[in-house]
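The data blocks that follow each hold one structure.
In what comes next, chain A is part of two complexes: it sits with chain B in the first one and with chain C in the second one.
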Partner chain A sequence: MGSYLALLKGGYKEALQYRFDFVVGLLRVPLTLIIFYFLWKAVFAFNGTDVINGYTFETMIGYYVLSMIVGMFTWMDVDNWLRWDVKSGEVVSEFMRPLNFVFQYLFRQWGMSTLSIFISLVPTFLIGYLFVGLMFFGWLNFVFFTISVVLAMFIVFLITMFIGLLAFWLTDISGLIKVKNMFIAFLSGSLVPLSFFPGIIQKVFAFLPFQYMRYVPVNIYLGIYSVNETLFHLGVMVLWVVVLYIFVHYQSKLALKKMSGVGI
Partner chain B sequence: MSRYLRLFLKNSALRLSSEMAYKWNFWVKTFAVALGDLIGPVLILLIYSTTSGIQGWSLAEFILFQGTLTLVIGFSHVFFTLIGVQTIDMVRHGKFDAALIKPYNPLLYLSFTSFDWDGLAEIFVGLALLTWSFITLGIVIFSWNFVLYLFLIALALVLFYSLVVMISSLAFLLVKSWALFALFFRTIDFARYPLDIYGQGLRVLFTFFLPLGVASFYPAKALLDGIELTIVLYLMLSMSIFLAISLVLWHFAMKKYSSAGG
Partner chain C sequence: MNAITVKNLKKVYRTHKRGKGMWNAVVSLFNRKYENKHALKGVSFEVEEGEVLGLIGPNGAGKSTTIKALSGILHPTSGDVKVIGYVPWKDRVKYVKHLGVVLGQKEQLWWDLPAIDTFYMNREVYQIPNNKFKRRLNYMVKLLDVKEVINSPVRDLSLGERMKCKLIAALLHSPKVVFLDEPTIGLDIIARDRLRDFVKEVNQKEGTTFIVTTHDMQDIEKLCKRIVIINHGVIVYDGLLEKLKSTILNNKIIDVKFETKVKGFRLKGCKLLEKGDYNFVIEADTKVTKIKKVIDYLLLNYEVADINITDPPIEEIIQRIYKEKKKWVHT
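Let's look at the complex of A and B:
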């Protein structure tokens, strides 16, 4: 465990080097919220209804605030690291350590995320509660929300890891990383609640892991699901984590074989 | 000038061949760029298919609005973005001397060696959105309004060029200015929706002080409803000021530059 904590600390120190970027990155939160605030204000005003697709104006803005908070916890950069580590050959040192290959990247990522979460979490919640009327929907929802965020973090991490590991087989994965980011932007619900999509597409979404990255955790916080529905969603998330982990674990074994194949 | 044209053609050809070294990756990247440009229009489509949208804008008008912005962003992606990327990278590694010893004006040298093939998809998506909305709305191309529309797009490109030059200049003073670049792209997001949805303060800000309205709102207005000439004149003046400030800032940065001594 000590070695993993050292990796975590290393990731944190790495992040400190970029603290200027993190502070400027902080400005992103209010900027994006201002835009969505005015956009939905215009939509609600023109339609003259209080509820659109199950969301009031307040819960809609709350949706974006929470979506950004979930986004902070699910921000992952491991695919870029792997791309770089494989290209430069530095990945050898990760394989040589007597530690789990996947976990090494997880802890380094946690170390890095800690700083951005420290800097941005409180201001975002504050903006949410003070300016856009985000409400608290009870401790039970909050506990379920917290669990779902942790699970969402693992799901995003494992998918990012999967893309990153492809660097062992493909010459350059920078394009693939971008495509993955676009898919997440479209399908996770960070753009708009997924209930805005046509019914048939929503049925497809249910079988994909993307909706669990933002949409489901946020709706759990907002109390949109019943307790049974929430438990069902959490169960599916656990299942996704297990399946993806098994997959990525074997993928990393294959990657090691592939690498020794070229004689490193 | 033909010197610069030759430089531009040679450099762009070189960039293309290095992209083609990873052909598969290039097409995947292009696909990602195109997907990214569709995010805005898809959001609008989803809003308009479940509600009646926002006041004063039909779906086709909104797509025209966003298509215009995509086109402007596409052109500045293809021609300007790498100016900033190259400068920031060179300054950080103390390699900017390489640009100074070339027998060209440094800024022009950078401007003519920054063609980014990645961005072409963005121009095509913009044109596709515009074609669809032009046909749906039955817009007449041979009209005074269309000339104004093109003129305002040209002004928007002057604005984007100036902003990229400003960010590049700041690279010399701050060394780390990636964050500023990121902030620049965030701020552009305001131009993705019509200025009339914002409050009075933001409307004034994006018309008079940081005239992002010129990249989408005013061209679209000019084409759909016509626009007062005073606004066009004001925007012209404003872009000249932006360009002048960016050039002054650049020259100041040139004087400040001290290499890494390598």
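Let's look at the complex of A and C:
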């Protein structure tokens, strides 16, 4: 464990190495919120109604505030690192450490995310409570929400890792990363709440891991599910984590075998 | 005792070929031609514990492929490798604890962070006791003279400084076996010298086994007693550096100076490399004409002022081996 913490510390220092970029990165949350604020303001004004698809303007912005909070924890850059590491051959450094390949990336990512989460988390909650009428739905929901965020983080990590590891077969995956980001933005509910989609498509989403990245954790916080439903969702998330981990674990072993071709 | 055993190691790569130009770039999207490249065609050698082995060969000969297979980052097509009791590509996590690798062409250090951060990270990764770590770090930093640079981000360092820091990072955990792949590439003379002295000292003090690949023959002459020469994926020489000269080399270079002006020189088995009014440089094939005969001939027929007999430089010997595809006797 101590060995992996070393990578966490490294990622933490890396994140702080360029202070301008770090500060600009912190602006991502408020800027996105402002964009969605004005976007939905325009939509509501155009529609002339107070409620769209069950959301009032306030609950809609509240959704995005919570979505941004989940997003802080599920921000993953490991596919980009792998793209670069594999293409340049620097990935040998990861293979040279006496550590699990996948976990090295996980801990480095945690190190990278830690400080920005620490700085943005409370202000974002405060913005939600003070300006958009976000409410606290009780400790039980909050605990469920916290668990779901942790599981969402693992799901996003593993899918990002899956895409990143494909670099060993495809060498360049920049196009794939863009498509993946688009898919996740659309299918996770970070662009629009998934309840906006037709019923049949929502049924399909239930069998995909994407809705668990944003939509489900946000709904858990908002108390939309009953306790049983929440537990069911959490159970499905655990299942996804296990399945994806097993997959990525073997994929990383195959990647090592595949590596021979990179940079003779 | 053998630290490393390599038996009949083979590696076949598959690469795709495409013609030049923009049209062929499009064609290759639909129709890809693959070609098998035999990087290693059955390589076998052994390295003793505490030995410094020089692994040399021209570009693309298979040196780096060998090093990668030994490091466990490459699965060979066939063959056996055992390094300090491990099969590198099978027991990776356990094995690399005892291994240090410096790849001259790779970065290895955390690019955006000072080298000292990588060193401290390695302390935790390899769980080196704190006082031992500090002692070792100070010792290596002093030996390589990098005190001034380890606190600046790696991206701001020069090539030589980075190489020295990489060497420290690779040796901090006192590995039993160390692979150096072109460690002196692009370094100036002073940096090279320090690096070699450093490797030598670590080898002698700690009995660390080294394999060094390089194109710099001085690295070899200063560091290695034994060398393995690899060419086109096969070993063409495996033996002592000293013996390389006597087994392969029948030639001597004779540099003669004369008191009086001289015209020509002709003798069986001798080649005139350089001809001046008062001096010759002769290459004598001692298999055809014994060196004594050449000297006798010179002394008898010319007013000799000075004679200097030397071996051709090691570079030339190596060049000959690279060019001639023949296998030299194993010794």
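General remarks:
We adopt the following convention: the second predicted complex is superposed on the first by the 245 of 264 C-alpha atoms of A that agree within 3 Å, B and C clash if a C-alpha of one lies under 4 Å from a C-alpha of the other, contacts with A are read in each partner's own complex, and residues count from 1 in each chain.
Here, contacts are C-beta pairs under 8 Å (C-beta built on N, C-alpha and C of every residue); 3 or more make two chains touch, one makes a residue touch a chain.
What you are looking at is a predicted structure, and each value in this text was computed from that prediction instead of being measured.
Once the two structures are superposed, chain B and chain C can be ranked by residues of chain A touched, with B on top. Contacts of A:M96 after superposition: chain C is touched, whereas chain B is not reached.
When the two structures are aligned on the shared chain, A:A45 is found in touch with chain B, with no touch to chain C. In the superposition on chain A, A:V179 contacts chain B only, with no contact to chain C. After overlaying the two complexes on the shared chain, residue contacts for A:T171 are found with chain B alone; chain C is out of touch.
Residue contacts after overlaying the shared chain place A:K9 against chain C, while chain B stays out of touching range. Looking at the shared chain after the overlay, A:G199 reaches neither chain B nor chain C.
For chain A in complex with chain B, the touching residues are 20-21, 23-25, 27-28, 31-32, 34-35, 38-39, 41-43, 45-47, 52-53, 170-176, 178-179, 181-183, 185-186, 191-192, 196-198.
Of all residues in chain C, only 11, 13-15, 39, 60, 64-65, 68, 71-75, 89, 92-94, 96-97, 99, 101, 103, 105-108, 110, 112-113, 117-118, 120-127, 153 touch chain A in the complex they form.
Considering their complex, residues 22, 24-33, 35-36, 39, 42-43, 46-47, 49-55, 176, 178-180, 182-183, 186-187, 189-190, 192-193, 197-199, 202 of chain B touch chain A.
Put simply, chain A touches chain C in their complex at residues 2-3, 5-7, 9-10, 13-14, 17-18, 88-90, 92-93, 95-100, 256-257, 259-261, 263-264.
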